[in-house]
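Going by the order they are written in, the chains are A, B, C and D; count residues from 1 in each one.
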Amino acid sequence: MPDGKISRREVLKTAGALVGAGLAGKLAGYLPTASGPGAVAQAAAPSGTPVRIGFEVHRTGIGAVYGKWFEQTTTATVKLINEMGGIAGRPLEIVAEDDGTDPKRGVEVVEKLALQEKVDVIFGTLFSNVVIANAPRAGELKIPYFVVSEGYHVASGKLNRYVFQPGITDVRAQVTAIAPWIIKNLGKKVTMVYPDYAFGYDHRDFFGQAAAKLGGTVQALIPIPPTETSFTKYFSRIPGDTEVVYHVMVGPGVLTFVREMGEYFGSRKVKLFGFIDSLEGVDIASPGLEFLEGSYIWEAFPRYAGNVNTMAERNYRQRVGVDASGASVADPKDVSTYSHMFGCWETLYVIKQAMEKSGYKSPTPGDYKALIETLEKIQRFDEGMEHPQGTKRFVGRLHQSFGRQFISQVQNKKLKVVYMTKIEDGMYPPEADYTTQPL
Amino acid sequence: MTGQRGRPVLALHVAVVLLLLGLQFVVSPFQHGMLARIMVLAAFAVGYNVLLGYTGLMSLGHAMFFAAGMYATGLTVFYVGAGPVDGFLIGLGAGVVLSAAMGLIVLRTTGVSFLIVTMMFAQVFYLTTLYFNRITGGDQGLILTGHLHPLRLGALQLPFADPAVKYNVALAVFGLCFLLSLWLTASPAGRVLVAVRENEDRTTMLGFNTFTYKLLALVISGGISGMAGSAYTLLFSYVGSSFASILYSIYPLLWTLVGGSGTTIGPLVGTALMTYVVDITSGVTPGYLIVVGVVLVVIILKFPSGIVGGIRARWLPWLP
Amino acid sequence: MSLEGHLVLALLEGLVSSLVVALTALGLSLVFGVMRIVNVAHGEFFMLGAVITWYVSTAAGSFLPALIVAPLAVGALALVINRVVLRPIRYDPAATIVATIGLLYIIQQLVLTIYGPYARPVVPPFYFRVDLPWFGYSGYKLVVAGVAALLLVATWLLVTKTTLGLYMRATQQDRETALAFGVPVDRIYASAFALGAVLAALAGVLVVPEQQAHYLMGLDALLLSFMVVIIGGLGSLPGTVAAAFLIGMTDGVVSVFFSPTLARIIASGLVALVLVWRSGGLFGDAAA
Amino acid sequence: MAAVAAVAPLLATHALRRTFGGLVAVRSVDFRLDRGEIRSIIGPNGAGKTTLLGIICGRIPPTSGRVVFNGRDITALRAYERVALGIVYTFQIISIYKRLTVYENVALAAERRLMRTPLDHLVAVRLPVAEQVEGALDEVGLRGTASRIAGSLPYGHQRLLEVAMALAAGPEVLALDEPTQGLAPDEIASLCALIRRMSATITILLVEHNMQVVLELSRRITVMDRGAIIAEGSPREIEANPDVRRVYLGL
């Protein structure tokens, strides 16, 4: 009975992501960049009972844009992993379930994947309120839970030993890494505009810290409540002598936000530094975004091709089905969430690596123990096909990866990388140690 | 109302509780967890039903009472290290106090004005939990794991991580609220509430101070909602603003209406039905919300007064 | 920025946003006033207006056709919904809420599946920036405010000066009596519902160049409109406008002086208290 | 008898006035009602009868003036408090719990008097209620309908049910607002009989258009016009009163 159900879900799921993966797959055949993985194409086809990874995805709700691309990336990754022999020779299978970007449903999904689908591990959650609501349950159910959220919750130590974030750098590290550049190159007097929810707090807390160390001052904090559709009324709170407006927004209102900022300031000289989170899924060339021209934006992974010129990046881009300007190959109007979704790709490879290294067989306490302890001992993930975003330092006691960050400038409605941080720039003294927690 | 009806009614309700008690030994671990959550949320709906079903006041702000219980319990456990029982009582108290205070203001309005005023105050509550995010953790929320002591019954220690504890705490809370609502329908006070629902002017002219009765209903409703929120926090060791958002004011309304408002069993039926419709369909198709929507429309076309309401109208007129 | 700058901005923002809100609430005021039903899916008509506008303007390369297409399409949909769902349940208030929540799910999911989760921008038919001594302001916003005012007047004329309007007011006063006097109540309900949807869609069309088309934009629009309509007083257009101004101005002014979230808290609290104090609404009979 | 009443009126209003916006509905009305009488208030539409009744029962607050009941100033009391004192009202447009049973309708009225302590609210008080309900239903001639849904009763019986509810509420003064409205002749006759029976123990205050009923039932009649009392007296006196004939009977 369960098999029937799974296969049905499989069919529908692939049907859902057919555009992305299917197309990418076809291209993979003859595109030159495929030669990298191409070599591995001879690898023996995976066999035996599949490794089943539960994928909690934001298909509906406010996180749907990310969810769509997380799913497309995941499908592409699974396809590639299976083409290359699967995990320890076993085929990799994804069991996806929507959580509506809702913390209550999220917990239900974790339980469903762990108890009903009996998957080996769970991964993929993005929105931090869902991650944080789910973590206790994952811990209680003692199932490894890999999040791709970039929130500073795993590394803060408030979650538990079963929760990992090995595929994407957390906000604290991002902010710490780029703050010096902002203060040096844009100005010392900063006003922060950020969401009064989600990772807004992480930005508020850690940019302030970092800036202060470098003689910068945060002149005003402007936290924006959810479901805001008009922002102009808040801009008058930005002090006149502010040199830099630091903006990070989420949700559908972001375009309005940027455009209204443009209307408000007009010719007034104020430097803008923004986070790509505001513009994930949004075309930089969209009408109304002209005001961003020349301003600077943080990226975790440059959206426009050519900025990171590696075979791994090209292979990743083409496998997932993203064109040179970061939009879907299938429909150029569908812009990807390029600075986040790579986390799914890399996390799946981390899981693969940890499982193979620890000799993971089945969802048993023993194998989980081995899996977790093995992963905690890993110290770096090297740049390459498995980690196209770049080399990561992994801090086992924090369950958190640290990678390089990019600062891009909007030039002719495109994002051009102007600066790349070193991994060390983002690393902060660890405050937590999960390895001491019992399993 | 009258003796010979009382017995089967009581029997039925006790049977429902016993059924839930027995289910835990037969269902799969996943269903076990689902039922625990459904019971807690059904308790929330039961509380909502006291106000909508038995007093005729439609609120769109009950998330604030649920969240009041959740935060009162969660924050005291997190910061003060209160035990689960104390935390629970504080949560209950918060629901009661907030609903009493709200009642003095919002009960000056009726009908849709009541709907909107409750909605707006709930919005104020929600934004407040965000505004004080340095304490509440905002929408990211707080995790109670590590702060929450196990439940102590005499000698035995019952950790909330234990599924059996989750289930039976949920059952205890639900059973309490469920039987409370049954008792209310049978009590003279409850009949006055129904009278207010049916014809407030007439009730006043029979010499009842309808305001105090409505306040009573709101406080019972808010108290039960607070209990539910408190229980949710204890069971899932999480506190977060999402549970104060408008969605969590719409849910109990929806669950109650689907199950049948003004019926004691309706809220449970509605909550279980909606939870399972979502859970099952979401496993089958990415577009499951379409199915959920269709189900809602069809149900309401077949049972305009909710499922149990329809059953009562057609077959079992004696259902309370 | 100087204090008068602050205030000018506050008032301007207040004025414009209140007119836009009034526009969004217009359709609801009609439906709710005449039919006394809480149509939870009303916000989705607004959203559909915006989404259709995106399709039209990307297909036709121009925003203007949407002004015709979107309202007609949504109006037609409303007629179907009225016939297939609302009439069979005889507009029973409770049942209507559940049914329209169902419709909300269906419409949202359909849009999500077909249109996608993106917040997509639409190029305004024209675009200019008004430079004030203290700050700049969107010219399009001002124009939308103007159009909103016109539509408000038009609707007011329709309700007060036409037979349809007369019938609507009659039905609103007392359904049974209207029926007795041979008012075709069923047809009035249908047309009120459709007209309400058309106005919602129209609001969506006009607003979308300001706020992108997104499949979740409906609910907040609904709640805001709903507040405005009730605070204004059931089915009272002047009341709706007054309430929109009350909310818009409170929001605008308060936002300039307090941090955003706090401003929202204060504004919502104040407005709620106004409704408590005038529980029938500003221009209303006692609330139904 | 009249002398006694003069000493202690059961209910009296002093310089009662009520305006709605510009309109004066009741202007400086001094009205007194003696214990045990059947009093009718008559007058053309808009004379202020129902407003006066509303003020007496506490449904409408007066703009100025006082209401005294049993020697106690009750002007400040709310409607429900006056019911508790024994001032009970039946609506011009029948107002009952249409979806509840006849029994439940009357029981509610009876229970209000029996629920004294909070405990009474919690646990069903059975015996006295049932007896009082039966008593009231018998009194108005609705015995045997207890289990029926009130809304399913014929119109006339619904009117009687409302009277039964009023009785169960334990009135000292029973204010009936146009009780015969919409009743068939035979129903009117039996209602009159009922009112007369009730008047043995209850003071009746009647607002009524049907002159037969008024002349047949009333001990005294109060005539109002444009918010003021223009005449008061026995049916015969009133019939003879030229002002009344002009203003009211339009003769």
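Here is the rule we use: a residue touches a chain if its C-beta (ideal position, glycine included) is under 8 Å from a C-beta of that chain, and two chains touch if they have at least 3 such contacts.
Since this is a predicted model, take the numbers as computed values, not measurements.
S.K.: Using only alpha carbons, which chain's centroid is the nearest to the whole structure's centroid?
M.R.: If we average C-alpha coordinates per chain, B lands closest to the whole-structure average.
S.K.: With centres defined by CA atoms only, which chain is the most remote from subunit C?
M.R.: Using the mean of the C-alpha atoms as each chain's centre, the farthest one from subunit C is D.
S.K.: If you average the CA atoms of subunit C and of subunit D, how far apart do the two points sit, in angstrom?
M.R.: Those two chain centres are 48 Å apart.
S.K.: When the C-alpha atoms of subunit A and subunit C are each averaged to a single point, how far apart are the two points in Å?
M.R.: A distance of 37 Å separates the two centres.
S.K.: Go ahead and note the Å separation of the Cα centroids belonging to subunit B and subunit C.
M.R.: Whole-Å distance between the two chain centres: 32.
S.K.: Calculate how many whole Å lie between the centre of subunit A and the centre of subunit D, each centre taken as the average of the chain's C-alpha atoms.
M.R.: Each chain's C-alpha centroid was found; their separation is 75 Å.
S.K.: Mind pulling the residue numbers of subunit B that touch at least two other chains?
M.R.: Each of 127, 130-131, 286, 288-289 in subunit B touches at least two other chains.
S.K.: Find every residue in subunit A that makes contact with two or more other chains and list them.
M.R.: 60, 196, 225
S.K.: Strictly by the criterion at the top, what is the full list of touching chain pairs?
M.R.: A-B, A-C, B-C, B-D
S.K.: In the complex formed with subunit A, which residues of subunit C make contact?
M.R.: 1, 5-6, 9-10, 13, 17, 58, 109, 112, 116-124, 127, 129, 131, 135-138, 210-212, 214-217, 220, 251-252, 255-256, 259-261, 264
S.K.: Would you tell me which residues of subunit A are touching subunit B in their complex?
M.R.: My answer: residues 5, 8-9, 12-13, 16, 59-60, 97-98, 102-105, 107-108, 111-112, 115-116, 128-129, 132-133, 135-137, 139-140, 151, 153, 158-160, 196-198, 200-201, 225-226.
S.K.: What residues of subunit B sit close enough to touch subunit A in their complex?
M.R.: Checking each residue of subunit B against subunit A gives 28-30, 33-34, 37, 127, 130-131, 133, 137-141, 143-145, 161, 236-238, 240-243, 247, 278-279, 282-286, 288-289.
S.K.: Could you please specify the touching residues of subunit B with respect to subunit C in the complex?
M.R.: Subunit B reaches subunit C through residues 105-106, 108-117, 119-121, 123-124, 127-128, 130-131, 246, 250, 253-254, 257-258, 261, 286-290, 292-297, 299-301, 304-306.
S.K.: Could you pull out which subunit A residues touch subunit C in their complex?
M.R.: 60-62, 64-65, 67-68, 196, 221-225, 227-230, 232-237, 240, 251-256, 259-260, 263-266, 281-282, 286-288, 333-335
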